[in-house]
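Every chain is named by a letter (A, B, C and D) in the order it is written, and numbering of its residues begins at 1.
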Amino acid sequence: MKPYKHLVQYYETDKMGITHHSNYIRWMEEARLDFLRQLGFDYVEFEKMGFMSPVISLNNVKYKKPTTVGEIIDITVSIKAYNTVLLTFHYEMFRDGVLVCEGDSEHCFISKEGHMIRLGENRFQDVHHKILELLKKI
Amino acid sequence: MKPYKHLVQYYETDKMGITHHSNYIRWMEEARLDFLRQLGFDYVEFEKMGFMSPVISLNNVKYKKPTTVGEIIDITVSIKAYNTVLLTFHYEMFRDGVLVCEGDSEHCFISKEGHMIRLGENRFQDVHHKILELLKKI
Amino acid sequence: MKPYKHLVQYYETDKMGITHHSNYIRWMEEARLDFLRQLGFDYVEFEKMGFMSPVISLNNVKYKKPTTVGEIIDITVSIKAYNTVLLTFHYEMFRDGVLVCEGDSEHCFISKEGHMIRLGENRFQDVHHKILELLKKI
Amino acid sequence: MKPYKHLVQYYETDKMGITHHSNYIRWMEEARLDFLRQLGFDYVEFEKMGFMSPVISLNNVKYKKPTTVGEIIDITVSIKAYNTVLLTFHYEMFRDGVLVCEGDSEHCFISKEGHMIRLGENRFQDVHHKILELLKKI
């Protein structure tokens, strides 16, 4: 899997002259959707089919080094835990090879009507098996 | 109509130490929804009924003075033009009585299916007449 | 201490029709600055004096219920841990008395030159003692 | 000059399922800094030298078509007016060759102390002449 690249924008900085901490949470989302795309899972299509995958928790988000406008952040995404109902991603963000931020986000899968979905079921078999393969490699 | 009050937030500042200019566009929206609420028109309810009112243009947005975190911005909203299909709002933003920003936003009204709506029609008569009254006072 | 009130804005919603999860991190900041203000500590003045208090970690951020535009969120802030160098806040967010989100943010204190500051020292004695008093009540 | 590419992010959408209009103002900034970089003018370095170029007005911002997450927006930037003190950029945003948004932003140049700068002066000659050359081609 190729790391996702984010170029820090001017509007992402704050009065301290550095990236506002809330933006890293948005970059996690950027990188996660890119990771899923690389895995062959188009999240936008998934929503068109009537499903959603909200974030249900954020954990261990550690801000190691400040970053600022014009810097390129390489974000690697991995799967930390998965049980067909809950999926936890781990993110590591680097600037020139130095870790600047890391963290986890936990997700569930629901239908528009609010019912929980198991990714193991029926039409999500493809992504389910890809996730299992990724987990085997750890 | 009471001016809308916005307390500038830390995350709204940028590297220059002042409010990032894109946020004033968001404050226009905050003030506009508040203005409509004061007029007896709940925009969120309007959307629940299957309608939307997207911004179709921004004009004459003038940044007069910088603002920053902790400052209270008083925003007055008025109706600049209205023809039942298009509605133009004018905004003036003040800090301690000094104009810091002004601008206009133009809106149309559409159904979820993408059809144009005239506010003069049927169930929007109430807000239509309130807008006409406001325009008479100018 | 009075809970901080945030009115959810339209621009804070996303394609799911609910508040985007990154905004809760921003609301924590809104509520934290308000909490400190109530405690007699003006964070903006603190920065003017040449100091900063960046977020160094986020933990246990749990998204319990979705929220959306027009809803009022009451946010209570408390101090979870403090050792003069690190300060951890705990946030609970309610809509009509129902917990919708909670989480922790951890902060340090540094000078513009990047030196760590102890709040126990010299001119921060006031806020230091107020924090100790708050901790005693737990 | 190469058009700037922006991939629409999930967090940039709103409750209507489309990109929130305030984000186009941010994309103008992304594209403008990229345009200046291509011109050999690094805005971040410019600020390090003690100067700033705030937006002083937005005009003729026209939202032609909605866009949404996963779409790639090609943004072309051109210089509409320039008199060494004021610089107006024009932006055109395309999705698959179709114009989705256009607009203008006007900028001045100031020192940190708040003094107006003429780009025609001394050390900004390089960018000044490049802008003049671009204007000749129109």
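Here is the rule we go by: a residue touches a chain if its C-beta (ideal position, glycine included) is under 8 Å from a C-beta of that chain, and two chains touch if they have at least 3 such contacts.
It should be emphasised that the depicted structure is a prediction, and the values quoted were computed from it without experimental measurement.
Undergrad: Among all the other chains, which ones are in touch with both chain A and chain D?
TA: B, C
Undergrad: Hey, which pair has more contacts between C-betas, A-C or B-C?
TA: A-C
Undergrad: Return the chain whose centre of C-alpha atoms lies at maximal distance from the corresponding centre of chain A.
TA: Looking at centroid distances, B is the chain farthest away.
Undergrad: If you average the CA atoms of chain A and of chain B, how many Å lie between those two points?
TA: 34
Undergrad: Chain A to chain C: how many Å between their CA centres?
TA: Comparing mean C-alpha positions, chain C is 24 Å from chain A.
Undergrad: Express in whole angstrom the distance between the two chain centres, defined as the mean CA positions of chain B and chain C.
TA: Here the centre of chain C sits 29 Å away from the centre of chain B.
Undergrad: Taking each residue of chain A in turn, which ones touch at least two of the other chains?
TA: Where chain A meets two or more other chains at a single residue, that happens at 10-11, 15, 22, 26, 29, 68-69.
Undergrad: Using the touch definition up top, name the residues of chain C that touch chain A in the complex.
TA: Against chain A, chain C makes touches at 15-16, 18, 21-23, 25-26, 29, 47, 52, 54-63, 66, 103.
Undergrad: Using the touch definition from the top, list the residues of chain C that touch chain B in their complex.
TA: Those residues of chain C that touch chain B are 9-11, 26, 29-30, 33, 42-44, 68-70.
Undergrad: In the complex of these two chains, what residues of chain D are touching chain C?
TA: Within the complex, chain D contacts chain C at residues 10-11, 13-15, 17, 20, 22, 68-69.
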